[in-house]
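Naming follows writing order (A, B, C and D), and every chain is counted from residue 1.
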Amino acid sequence: WPHDGPCRPDEVALLLIDFQSDFIDADGYLAKVGGDIKPAQEAVMKVKPILEAARSAGVRVFHTREGHRPSLADLSKYKKWRSQRAGAEVGASSETGSMFLVRGSPGWDITPELAPIEGEEVIDGPGYDKFMHTDLEHCLRCAGIKYLIVAGLTTEVCVSSTVRGATERGFECLLVTDGTAATEQNHLRPHIDTMLVEGGIFGSVADAHHVLVA
Amino acid sequence: WPHDGPCRPDEVALLLIDFQSDFIDADGYLAKVGGDIKPAQEAVMKVKPILEAARSAGVRVFHTREGHRPSLADLSKYKKWRSQRAGAEVGASSETGSMFLVRGSPGWDITPELAPIEGEEVIDGPGYDKFMHTDLEHCLRCAGIKYLIVAGLTTEVCVSSTVRGATERGFECLLVTDGTAATEQNHLRPHIDTMLVEGGIFGSVADAHHVLVA
Amino acid sequence: WPHDGPCRPDEVALLLIDFQSDFIDADGYLAKVGGDIKPAQEAVMKVKPILEAARSAGVRVFHTREGHRPSLADLSKYKKWRSQRAGAEVGASSETGSMFLVRGSPGWDITPELAPIEGEEVIDGPGYDKFMHTDLEHCLRCAGIKYLIVAGLTTEVCVSSTVRGATERGFECLLVTDGTAATEQNHLRPHIDTMLVEGGIFGSVADAHHVLVA
Amino acid sequence: WPHDGPCRPDEVALLLIDFQSDFIDADGYLAKVGGDIKPAQEAVMKVKPILEAARSAGVRVFHTREGHRPSLADLSKYKKWRSQRAGAEVGASSETGSMFLVRGSPGWDITPELAPIEGEEVIDGPGYDKFMHTDLEHCLRCAGIKYLIVAGLTTEVCVSSTVRGATERGFECLLVTDGTAATEQNHLRPHIDTMLVEGGIFGSVADAHHVLVA
């Protein structure tokens, strides 16, 4: 990876998807809808050295956050209904008072271990594919990025949607297999394998160790 | 389904994704990249009565085809490379002379059992998410469609990408569980189940029998 | 207007484009690139009663702001170059210390006369067409909006681009002819008239008085 | 042009917008909605040598056509209404039997003087901004295009919308000032001048002679 040989560091970005407390902490959205947060916490630990390596190598870093306006003007009726049904209605309050997936709420922010530093961009949006309803593509084009190293939460929702969105737009992706965790863990492996069907339909995969070595 | 109660027939469309010979026949693209075509053929048989029922009920029907311009001007270097690597380079000729996934080639057309009739639209595009690089969204908006019954090939690639694209754009989807087949069959169930995580993140599912009854 | 007869108030939104100090004040971006700010100030006065009427009538209000991330990661090389050339490089400081078109800078915010109140959405983006790289379309779809009453700055740039973007996406626009001002005033009338070619290609127009009466 | 110095020929494309008989001939759509077709015919003559020069220089050429599916499934209610009102309803028959702006109709095709040859792409779409509802952006990205030389019909509608769409997506445009004609000729100059406000907001302009020399 990439398929067309070695690339310059300034053509690659590290894209960290939704490493938010809402998907990691015991009181967050994911735990409330029945997801298993332990794998998410393990993924954070695997991604931390990759983030540090990217910073050292001068690779640009983009963080994303799934979150809604406090007014919920960007919350579709359907998402409101299905999240309510799952036990963590977007905009409702958790036991500790954070509003699920609402911008500015404690649970919505990025977990301290992977918190962005100056020079790193944060992309906020209401969708699962981080290219939808955001300026992610615009920022990547402005920076001349062609290749994406991707890690994040959750595998079968935002990570899979974003890798697909990236592929449609001509960005070549490498997914960090142990830098991602699924809403339901039995979905992890099938979604990683799906990246590779038909010769690598959505890009390539590697574990954190190999990404670091490279 | 849908979540907000009964809907009018003119708000629903049946979206049939990529039921093309290239994904069904022994000489087609899917077989050449190592996919199993038998499940695809079975999905065709399940979808046939749904298509007929939709026609009788006056539900609008949209067919999609994955295919490239004969010039291959819409074929990314990456897709060319990975399809070559998988054994069926887009644009190369099969044993019977059809060019894989090229518009106008025999293998690219929709299988006769589900061939479109007058009044049904066909959406051509080079991507997996049928909303990308096409006029699908525009046609659905012009027709006032809000809800999509989805079937097609292959589950973990074009069907999953399109259901995700539809959800981002506010269309509510129902996937026909036995009206779809995966490139690798062990991916079928995890991708169907992914529709339902977090209260139905990408919509709902039902088998052909229940769709017909409804 | 609209062409298909009376519409419900909850299907209409008032879209106020870029009524930011940078386009209105003597020290702002527009003045520095040689634009005439007096017409912009007059437009503010015409729009104020429309905004109040919309609030009274329960019509939803969306405000937009053109602005860049403080990191300028969303500033294309071209826009940087051409704004520098015009005398007000995006991100450079004005005489009073505001950075032109940078989010969080004093000049970037909406002029006090038209400041948003609770329940009104603000859409931030780096582009001229406010549908690009933002969640505007998503918010309008979530709210069920079909029709847009549009006013804003500047006529031939952001207003024209946004009205075009709205039309492509199926929203029907009404431009308030005296609620908009051009970067160069001799462009005002031709751009208003362009709305109406070919039977109303980009919608309809009316002056503030008639919009108020309606 | 371009702003960042000389570019390689394979980074530039010539984009010829809607040089269709419907916008040029006496029986076509434009004439019926009251547009003046003589300037369009003159633009064709100015563009012909540029097209030939591009072919000689190995610059890629993209042609666009505005046109609707024969089913009119991609015709919005609004466009139907306003074109009917203007005297040439999309889909209705002209005196010579061509259906206005319908794919496959004689009037919809590109005028013989500028007809595409092998190796040139044709982009069909129902919109004014040729990036909307089409694969234009995808084809340009696949070809590595960064710069666009633009000519076409009509200046204040499809040409202006497409140049804006290109700018939002990071393509740098050069408009051929005498290679374009407006629906209403008094709109020509203001729309050309609009390209240049604020230091060249939508790119640059040059007449055909200077484009040829370059």
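Here is the rule we use: a residue touches a chain if its C-beta (ideal position, glycine included) is under 8 Å from a C-beta of that chain, and two chains touch if they have at least 3 such contacts.
Just so you know, these numbers come straight off a predicted model, no measurement behind them.
Compared with subunit A, the chain whose C-alpha mean position is the greatest distance off is D. Interface comparison, A-B versus B-D: the higher number of contacting C-beta pairs is recorded for A-B.
Inter-chain centre distance (subunit A to subunit D, centres taken as mean C-alpha positions): 39 Å. Taking the mean of the C-alpha atoms as each chain's centre, subunit A and subunit B sit 26 Å apart. Note: centroid distance subunit B to subunit D, computed from Cα atoms, is 32 Å. Multi-chain contact residues of subunit D (touching two or more other chains) are listed as 76-77, 127, 132-133, 138, 141-142, 170. In the complex of the two chains, the subunit B residues touching subunit A come out as 3-4, 33, 35, 76-78, 81-87, 127-129, 132-133, 156-157, 160-161, 164-165, 167-168, 170, 172, 183-184, 186-187, 190-191, 193-194, 197-201. For subunit C in complex with subunit B, the touching residues are 138, 141-142, 169-170.
Only residues 69, 71, 73-77, 119, 121, 125-127, 132-135, 137-139, 141-143 of subunit B touch subunit D when the two sit together in their complex.
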